[in-house]
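In this document, chain identifiers A, B, C and D correspond to the written order of the chains, with residue numbering beginning at 1 in each.
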Amino acid sequence: MDVTRRGFLRISGAVGSGVALSSLGINLKPTKAYAHELDKMNRVKAAKQITTICCYCAVGCGLICSVDKVTGKIFNIEGDPDHPINEGSLCAKGAGFFDLTEANKYRLQKVLYRAPMSDRWEEKDWNWAIARIARLIKDTRDKDFITKNSKGQIVNRTESIGHLGSSNVDSEECWLMSVISRTMGLVYVDHQARV
Amino acid sequence: MIPKKGMIKVSDTFERIVHWCLAISCIVLMLSGLGMMFHSFNFLAIPVGGLKNLKLVHNFTGLIFIPSLFFAILVWWKEAAIFDVPDDIEWIKCAGGYLWHVENPPETGKYNPGQKAFFIAVAVFGIIMIISGLIMWFPLEFSASTVRVMFFLHALGFFVIFPFFFIHLYLGTIGVPGSFPAIMTGYVTRAWCEKQCPKWLREMEENGTLEVFGEEKPAAEHH
Amino acid sequence: MNKNELVKLIDTTKCTACRGCQVACKQWNEMPGLKTRNWGSYQNPPELGWNTWTLVRFQEYVDSKGILKWLFRKEGCMHCTDAACVKVCPSNALYRTEFGTIGLHASLCIGCKECITACPFDVPKYNPHTDTILKCDLCYDRLKGGELPACVKSCPTGALSIGKKEVMIENAYTRAKELGGDANVYGDTFVGGTHVLYVLGEKPEVYENLPARPAVPLTIVAWKDWFKPLSLIAAGGVLIGSFFHYITHGPKDTGGNSDQTCKGGGE
Amino acid sequence: MTNHWIDLQHSDCILIMGSNAAEHHPIAFKWMLRGKEKNGTKLIHVDPRFTRTSARCDYHVPLRSGTDIAFLGGMINYILNSDKYFKDYVVNYTNAPFIVVKDFDFNDGLFTGYDKAEKKYSKETWVFEKDAAGIPKKDPSLTDPNCVFQLMKKHYSRYTLEKVSSITGVSREDLMKVYTDYASTGAGDRAGTICYALGWTHHSTGTQNIRTMAMIQLLLGNIGICGGGVNALRGEPNVQGSTDHCILYGNLPGYLKMPVASLDTLEKYLKKYTPVTNDPQSPNYYRNYPKFYISFLKSLFDDKATPENEFGYSWMPKLDDGTPYSLMHLFDAMYKGTVKGLFSVGTDPAVSSPNANKVRKALEKLDWLVSANIFDNETCSFWKGPGVDPGKVKTECFLLPASATMEKEGSQTNSGRWVQWKYKAARAPGDAIPVGEMFIKIIDAVKALYAGEGGINPEPILNFKSDYINRNGAFSALKAARQINGFFLKDTIIDGKTFRKGQQVPTFGMLQDDGSTCSGNWLMAGSFTTDGENRMTARGKDDPTGLGLYPNWAWAWPVNRRILYNRASCDINGRPYNPKRKLLEWTGHKWVGDVPDGGWAPMADRENGKYPFIMKADGVGSLFGPGMAEGPFSEHYEPFESPLSKNPLSSQLNNPALHVFETDMDKTASASDTFPYVCTTYSCTEHWCSGALTRWQAWLLEMQPEAYVEIGEKLAHEKGIKNGERVKVSSARGFVKCVAMVTKRFRPFLVEGKTVHQVGMPFNYGWLFPEDGGDSCNILTPSVGDANTHCPEYKAFMVNVSKIQEAG
């Protein structure tokens, strides 16, 4: 969702003066021409503002991503002053949210595959990987599928595949993982709620 | 400015090289230092393309200044750093006749006490400038309080050296006509010499070590 | 009085050392995180650096009653009114903004590091990669844009606030009074009054790396306030003196310009 | 959380125990500090270590790890003996007056019904006496020796100050300080709350830790009120959502029960899990269980789920009765070779699971591993880990690049149950896609294989509705969210109102058990309006109660209720106990305030009135809780690895219902001289969980660059360890090397007359990155877990610490 520019510029009521600097009678008229030093603020003001929610603890703080309209890339992320919980503020992890974007050079960008006994990752495309994963799932499932347990009760499950995670994807994705693993007959289904 | 026959040699080539290395580096250091010391003199950085370059000019000129000063002290300390008592005291009392009219100012050796004072000032404060300057160049290697004292000393050095330097410049050129060739060609007129350093002239002549332009052999050989 | 003057108040008694400010500062100012080691403290980087303009200091302290306290203090530029750094800066890179804060035109900085030694709070830091110093400018760009400085905005607990000078000073004293005990306000009574004030829970002497009575160093006062004008007077004096000497006294007659041939040696 | 973050400011006293709120929930802690500033909230921190939380609380009380029940049991004893409980609440809203059957007893650490061989209780005696109508007998005077109140009083009378002090290492003065301060909230106009986190769950008695506090909250009348509640400060962005959707072996989305083998028909299943009550005043909301479950099956299989095929019940996997399949069980089975393939999504068990060496060995036995993440981690790359020869590891590994949170649309549920919608701000880099999209791609590919080749039990796969993609073929979180909320599958008339086929179900009250509605998760019904408006996107800031409920900001489950059990904030006539913080009020014909826990009249109305705890079969809060594995009341047991060889309270040393793993890699060492120090593990503000996201971020890594162990000054002095030196920390299971942080913030405890030192380590590090950052502290932790939840006991185990001399 786009937040109005005004919304972004409104200053958190929780801290300090409690109001925007301009409303304090502070003169914010342009002064000297070191324009490049004001560049980032101007870029933020010109950017598209998109809200998101922090992905660390479960407080659920609001953040605003400033997205360059030309490149489509995020160049600044800070607290959402309208958010009733964090009121614009952030802890160290939230304040560093920007380092989770593609600006972080360690972000994974390709499907990686490690063959048996290999000592390295190799890049693959999605189609290959999905086909291979589906094949492994089917073979493993069909081979070890337990239709009846030792007492002869129908259990229709596979104990040879497990699922772990994830409390750090969106709810819709969680639901999908939860139900897809069950449709495949998995019972070893768990995630970070326990650890 | 070619020396004419009969002119007296007062400086040799090495001395002149040392002098000019020192003088030029000193001028550059002072101008560049001035350009950094006072915002109103920041314009001095324009020719070198900004203050950052001016800083580099200053720092690296300092590296020329260091050996120049070293050799200058080596060359001149005997003649210019030792006062000749009591003549020099007398000279000082009448300021060598530079400031008010004095019938017969006391005679001086090769360098008068004014020049000696200038030399001592340059030598002492030059060393201070070098030490403080080097520390200021690498301030992060020293404690802040040390470096602060260095900044102070550096400024003090400028405060002392600049006036002396300027007076030297003035007297070495238009203030005392005829002086300039002494450090350009190394030769001055006998008249200049008689006026400026009669005692030295006498001593040289007595020793026979006076070198006169155009004469085959140094006079000394005749004695 | 400058009605645009802003003061940032750091209430150390509300700080939880979450270090949101430390990171928010880097995020906004695009400063990198550098390699560090654990040196037996949460405080890291151990000191302010060219990439760390604000640092939360951690200090374990047992008070006179034997009660263990963990003191957190956000360190950074104090934005002095009587700013030693501005005083010594040769290139006007450090300057006083219309908010009373000390701004930095990094492009003007010549990397002379004078400010580093001049600062009573040990704030400006040298970046060897750009040959400039860097320090907090209280997010001058954000202030101009009507936004809070990044650190203040990020602060969850209200330990950081910013506002008009007189209001903030009043807030600080009210808070110190409310806290009682050794609580005190730090910053408004020296170096002409800083534009960053602390409410400290303990006496200033207790805090590591915090000068109890900071001042512009005497050598800098001597140099900048006394010697600078003096040396100008001296330099100007000799220039003018020489001129007048020349026109009144005239050049010394040394016969140097006479054409007479020099006599031979020895009379 | 029963309450929510902003509500913390309304508390009069906050007990922070088993949590380090300031460090791990800094913004939550903000609200506690706001309370302190504005309402004079007293903040108490009880924790083995003095932390950043302690620094800002009114006071800190150090307590030996793993003795929380003793500490809290002492508080219950104090409350009951000093008459500090909130009588009106206890009599009406809890099962305190209920009469327990005569055979129930407790003796030397064990309740009746214990089977020593099975290490399990049979719970026949953990039940109430019932009258002729089948309604539990009650004694409102609370004097019957067999009523819950009296049994509880008797049970906790053993938790005397002396005993508790000796077990916990807390001085009697400190105990009394906390007890009196906290018990002061047992008044109608005062609220007290508990903020706990992993510090309570990560114990072999974890669930009972929390239950003990829940009992205190019931005794003090603190549940359901503004500023009260039992508040778990949950630690992962969507751990609430992922738990609600039950990526958990025992549950299906909405906490529905996973079918077990003995329930071979849908009918049996529904009968088993649909509670009944004969008390007409108990709403027993779970009587609607069949509606929730059948709507769930309909959401999976759509029109393939019919009454004839039990809506697909038979296709679904069934657990063996009473058999856990938790994370620890998974790795145990993997270690033994049963598990061949693993999905590891946004998680790093090679660092975060207990007994990490065993976990890493287990991973080597996999045939294949599919990981999805935004960074590489120690699990994905286990085959090149320390001591592993890749040439001998047969596992096929896939590392799928995932979109980061700001690169995708979807909802996230915070700990206060607010479901907040987030938007896609930018394209994910390279080939990264949302995890949801990966799973749809995978299930579609598997589906195609089964369609083409056939296979075993193909129906659930073939019939699974998986069309949650948009026109561009990309994952549509919105489509999935709508399915989770649920639809009317045919035109339906409810209470005279017509809902058309295809309209969203506006509340779970409208779900049907005949297959005419679907809902992927009944709790989420109502996240869309009938007309399809996404309520999770709401950004309204209106606050009609003035209590910061913000009913129009995002959407909270259930049905946008912001404080659970809120009808208990009023007396039996519906008048608020605390008129200053009026959460809810009965106006004579309706409730005004928060969304009430059911719109029925308050319970004083014998005709139409209902009890407040609507999700409980009896309608009241359970002081007596027979649902627990180790007893209806809590009891102190020593951690599985403890400095003591005898439980000071009984001859039952450990939790009697513990599940213990017994492979060659499950070594333990209790009360041993080799491992004499208690160790606990925790996180820090600067890192998150295993550090798998945060260690890759220079800003954060710079602040906490490598693993450390915090050691008290006294112990460090004894061991000759200086601050910043490298040390070796070892347990029966392995060792790690890290930096010693010598601190005043850990002090030794006096336990049963002897000095017990405790140390602590962060769990945020792993061998992969940074290379010199040290390895996981979970190499040291034991794989032993709570008897109810199988949460591992990360918070109390035994280690040794020694100096190391390293060359250079």
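Here, a contact is a pair of C-beta atoms (placed from the backbone, for glycine too) under 8 Å apart; a residue touches a chain by one contact, two chains touch by 3 or more.
The model shown is predicted, which means the values in this text are computed figures rather than measured ones.
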item	value
Chain whose Cα mean lies nearest the overall Cα mean	A
Of C-D and B-C, pair with higher C-beta contact tally	B-C
Averaged-CA centre spacing for the pair chain C and chain A, given as whole angstrom	40
Mean-CA-position distance for chain D and chain C (Å)	49
Whole-Å separation of chain centres (CA-atom averages), chain B against chain D	85
Multi-partner residues of chain A (each touching 2 or more other chains)	77, 86, 89-94, 96-97, 99
In chain C, residues with contacts to at least two other chains	18-20, 22-23, 26-27, 156, 158
Contacting residues of chain C [partner chain A, same complex]	3-4, 6, 9, 18-24, 26-28, 30, 98-99, 105, 107, 140-148, 150, 152-156, 158, 160-164, 167
Contacting residues of chain C [partner chain B, same complex]	88, 90-92, 108, 110-114, 116-119, 122, 126, 131, 217, 219-220, 222-223, 227-228, 230-232, 234-235, 237-239, 242, 245-246, 249, 251-258, 260-267
List of chain C residues in touch with chain D within their complex	14, 16-20, 22-23, 26-27, 32-42, 44-45, 60, 62, 68-70, 72, 156-158
Interface residues, chain A side, partner chain C - complex	9, 11-12, 14-17, 20-22, 24-28, 30-31, 34, 36-42, 44-45, 76-79, 81, 86, 88-99
Complex contacts: residues of chain B adjacent to chain C	4-8, 36-39, 42, 50-52, 54-55, 98-99, 136, 139-140, 144-145, 147-149, 151-152, 155-156, 158-159, 162-163, 166-167, 170-171, 174-179, 181, 188-192, 194-196, 204-206, 208, 210, 212, 215, 219
